[in-house]
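Down below are the structures I want you to see.
Shared chain: chain A. Partners: chain B in the first complex, chain C in the second.
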Partner chain A sequence: MASSIDDLKSAIKEALPDLDMVIAWTAGPDPLSHTPLFITDEADIERIAWDPRCSQNLAGYLTGLRGKKVGVVAKGCDARSIVELLQEKLIDREDVTIFGLHCTGAVDARTTRKALGSSRGVEDVAIDGATARFTVAGEAKTLPLGETLQQKCFTCTGADAEVCDHFIGEHGLPPQVGERPASTLEELEAMSMEERLHFWEDQMTRCIRCYACRSACPLCVCQDHCAAQSREPHWVDQTDHPREKLMFQAIHALHTAGRCTECGECERACPMGLPIMTLKQALNRSIQDLFDYRAGTDPDQAPPLFEFREEEKNIKEREW
Partner chain B sequence: MSVNEGKELRIIGFLCNWCSYAGADTAGVGRFAQPTDLRIVRLPCTGRINPLFIVRAFMNGADGVLVSGCHPRDCHYSEGNFYARRRLEVLKALLPVLGVDPGRFEYTWVSASEGQRWRSVVTSFTEQVHALGPMPGFKSGTSLDMCLCHMDQNQVL
Partner chain C sequence: MLTARYIANDKLLPWLLSLTETRQVLAPVQVGGQTLFAPLDADSRLDLKGLADASAKAALLPRCETLFEFHYSKSEGVPSRTELELRETLPDQETFLFGARPCDAKGFTVFDRVYDAGTRRDIYYCSRRDKTLVAVLACTDPADTCFCNRVGGGPGETDGADILFTPVKGGFVVEAVTERGDAFLLEQPLVEAEDRTEEARKVREAVSDAMPDEAPLVGIQSKVLELFDDKGFWEGITSKCLSCGACSYLCPTCYCFNMTDEIKGDDGVRIRTWDNCMSFQFTLEGSGHNPRDGKAQRMRNRIGHKFSYYPELHDGNLACVGCGRCIVHCPVSMDVRAIVDQARDRALAKEEHVND
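Take a look at the complex of A and B:
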């Protein structure tokens, strides 16, 4: 990965004069997750970081910067978010320069902190094969990928940014996770309907309604016009009843149905660690079955709920 | 007369103004006996349906939701029910993950002249929901329970 960061820096250096800004990652206050870096000056390029701690999806900033010439560094999943934004004409292809990378997996700061005992003093993270190597205060530690990667990496459908202007480094396979913990969706499938409802009630009791999931979502572009805050119609009320919080999650899931690329930002941003991507995964799975469609793969396709067929091949309607 | 007299459940029906609402009326005019659990909400078109209507209905304590509109290609607005079909089909994936039994929600097409068909749809859907019983609520209750609870408190005060 050392060579690809140098290639990345030189590619950005070359492109920067024609761009207003390039968005990349840099080391932040948290030793297990890097923060975004907004490069407008050549001197900032030296601060770029690129390793498995670059988990944030930078595509979310693009809609707010529409009209400017912006460069953005993207992993496989981030690039799919960008494709989705292009499909919906929320950003313009000619204004965006994508620096695509091959991702070996992004660490989940929360689970990794737990697995390592502490995040203090983490200096270096590298993933090679099925293990993640950490340098913690000069001492080397390893963890299996199943204990450190984000949920989304376990179901990664392509670690390379497929749609990009500059591909940096070498193409490769998604992270080879040996043993992974069961996903919430798999856990739910083992439960009865009533248990599922109570599972969500328990989870949502912890929700603090901060809407970080919405703010982090690259597809949530309505800003001040969010249905969750509209009074007419009044979709969710102000109480902290778990039902209202679950209703908000249903709104988020249904509004991103057919568009969500499972970039995992909602779950990563959640301060309470709620498994909210589960709802989106379930919808995506059904959309794949019904419409043979995966969001974020082809910039020229339209999301399935934006159109219809008179004869739906895979919809089996109930006969009464 | 109610088929399930004395043990009604709360079933919400979202009916299209042009076909199913008229179809239900035809069934009424034809004096076909049918269960009375269904509360009808009349809509301009099934394309008006936001899947969130259905989620909200379940969250507020509905035991079942039935959506009915014009047969495909018979839509008054040409394509409303085609969009609805895709959305409602996608919604079917969300409900069981949230803990709502998929049998509590159905969508179908009934035209204005199909009073007989309307009766059989309502009867079999009501039976299906009755087989599942009342919708399990949150441990902390439904909003209806909460309102009633507040009312009780106010009366005490």
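Take a look at the complex of A and C:
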């Protein structure tokens, strides 16, 4: 990756004069998390960081910057969010310059911090093969990917930013995870309906209703007009009841059905570590069965719930 | 001289569990991969390794608190009239809050100045405060994101607490710091601390001395205020903020709330729930106008409140205790320290410019 970062910097340097800004990542305040960097000045380019700590999906900023010429650095999954935003006509292709990268996987700061004991002194993170390597206060440490990566990376459908203007580095495969932990979706599928409800009620007791899951979702475009906080209509009440909180998650999942690219931001942003992307994954599986459609793959396709057909290919209504 | 006792590591959990017979014990326990303050019971997994993921603030300021319950009914005499019945719901749970960190406890002093201010006493807060004994656990392993020492605190401080636990060889020294804490400790079957109090003092000093020595963030209220109209500054620092509010909800000092009536049929509750200034609805007026309608204005409020307006009203005490939770849990890793440092530097540079 050492060489890609230099290539990335030169590509951005070349493009910057024609852009209002470029969004990339830079070292963050916690040694396991990098943070977004808004570059308007050439001097900032030197601060760019690119390694498995670059977790944030920068595509989320694009809708708010519509009308400006914006460059954005994207991993495979981030690029799928951009494609989905293009499909929904929420951003304009000619205004966005995509610097695509090959991603080796993104670490989950929370689980990695626990696995390493602390994030203090982490200086370097790299992934190669099925192992994550860390330099912690000068000393080398390794962890299996199963203990380090974000959930989404275990089901990554492509680690290269497929749609982009500049591809930097070499193309490659998603992380080669040896032992991957059972996904929450698999665990839930083995449960009865009643057990599933208990599972979610139990999880939702921890929800603090910050709505970071919503704010971080690149496809949540209502934001300040969210159904969760509306008093009229009164979809959810403000009490601390887990069912009210689950109701919001159901709304979020339905509003992103067939649109969600499983970028994982909702789950990564949740300060309570709730496995909420699972709800969207479950809906996505249904969307795929019903419409043969996977969000964020083809900029020229329209999302299935944006279109009306008298007869869907896989829903044989008239034959009932 | 206040009481000092000692408890061995293996006696700690049994002792805490014995306390649960007469009161609720809140302690940092592992819940679904997180470390949160929750009622302790025999199945709890106590986690005293570092700072809990969420602060202890819910012990005194619950996420959702019922202020009263109400019931509508038809008037017996005049059927066209509706009668309203109200039921008071004051908290009465005796609580022992164990394992709060010094920053968590100092957070309570931020609340005290607001909710227990002479004649303006919030009865819900005050009755919880009165019924809660706060035992802090001195920090021995501050994180990269901890900065209590820059905001008037320290890893072994006791502001807002009644009892101090300090880890020493084989166990903890337990020292009373208030009369209340003293009365409680005197009743507990714990052994004398003897010369271990000296060891505990050294432990605290060593941790405190090892904290990075960076410029204090106190006494800069006027500097932050000078930037109030500096739109460029606030927009610059908030470009990456998602305006989500996770920072405020995890903060041990944020105390803003919303009040709503939640009604089902003829029964309802008036509740107050956490609110936060990073949310669009925070200052949304009935007319539809919002004086803080962008994330830059909202961040200005958050930083301004903590480092300028609050200290201005409360003898220079900040509304930030340096726990760093807003940094660790921010989805885009915003750093409150960096913002305040930048604000101070920017204001100083402006002053110099004026003097040139």
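We adopt the following convention: the second predicted complex is superposed on the first by the 314 of 320 C-alpha atoms of A that agree within 3 Å, B and C clash if a C-alpha of one lies under 4 Å from a C-alpha of the other, contacts with A are read in each partner's own complex, and residues count from 1 in each chain.
Throughout what follows, a residue touches a chain if its C-beta (ideal position, glycine included) is under 8 Å from a C-beta of that chain, and two chains touch if they have at least 3 such contacts.
Since the structure is predicted, the reported quantities are computational estimates derived from the model, not experimental observations.
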Side-by-side fit of chain B and chain C on chain A, or clash: fit
Which of chain B and chain C A:Gly178 touches, first, second, both or neither: neither
Touching partner for A:Pro299 - first (chain B), second (chain C), both, neither: neither
For chain A as apex, the angle formed with chain B and chain C - C-alpha centres, to the nearest 10 degrees: 90
Touched partner set for A:Arg120, first chain B, second chain C, both or neither: second
First (chain B), second (chain C), both or neither touched by A:Gly129: neither
Smallest distance from any CA atom of chain C to any CA atom of chain B, in Å, after fitting: 5
Overlapping contact positions on chain A, where the chain C interface meets the chain B interface: none
Chain A residues within the chain C interface of the complex: 28-31, 33-38, 56, 60-61, 110-111, 114, 118-120, 202-203, 206, 208-212, 214-216, 223-224, 229, 231, 237-240, 265, 268-269, 271-274
Chain A - residues contacting chain B, complex: 185, 188, 193-201, 227, 235, 241-243, 246-247, 250-251, 253-254, 257-258, 278-279, 282-283, 285-287, 290-291, 304-305, 308-310, 312, 315, 317-318, 320
In the complex with chain A, residue positions of chain B that touch it: 51-52, 55-56, 59, 72-73, 79, 82-83, 85-87, 89-94, 96-101, 106, 108, 117, 120-121, 124, 136, 138-140, 142-143, 146
Complex contacts: residues of chain C adjacent to chain A: 31-34, 36, 50, 53-54, 62-64, 141, 143-145, 239-240, 242-246, 248-250, 258, 260, 262, 269, 271, 273-274, 276, 279-281, 327-329, 331-335, 337-338
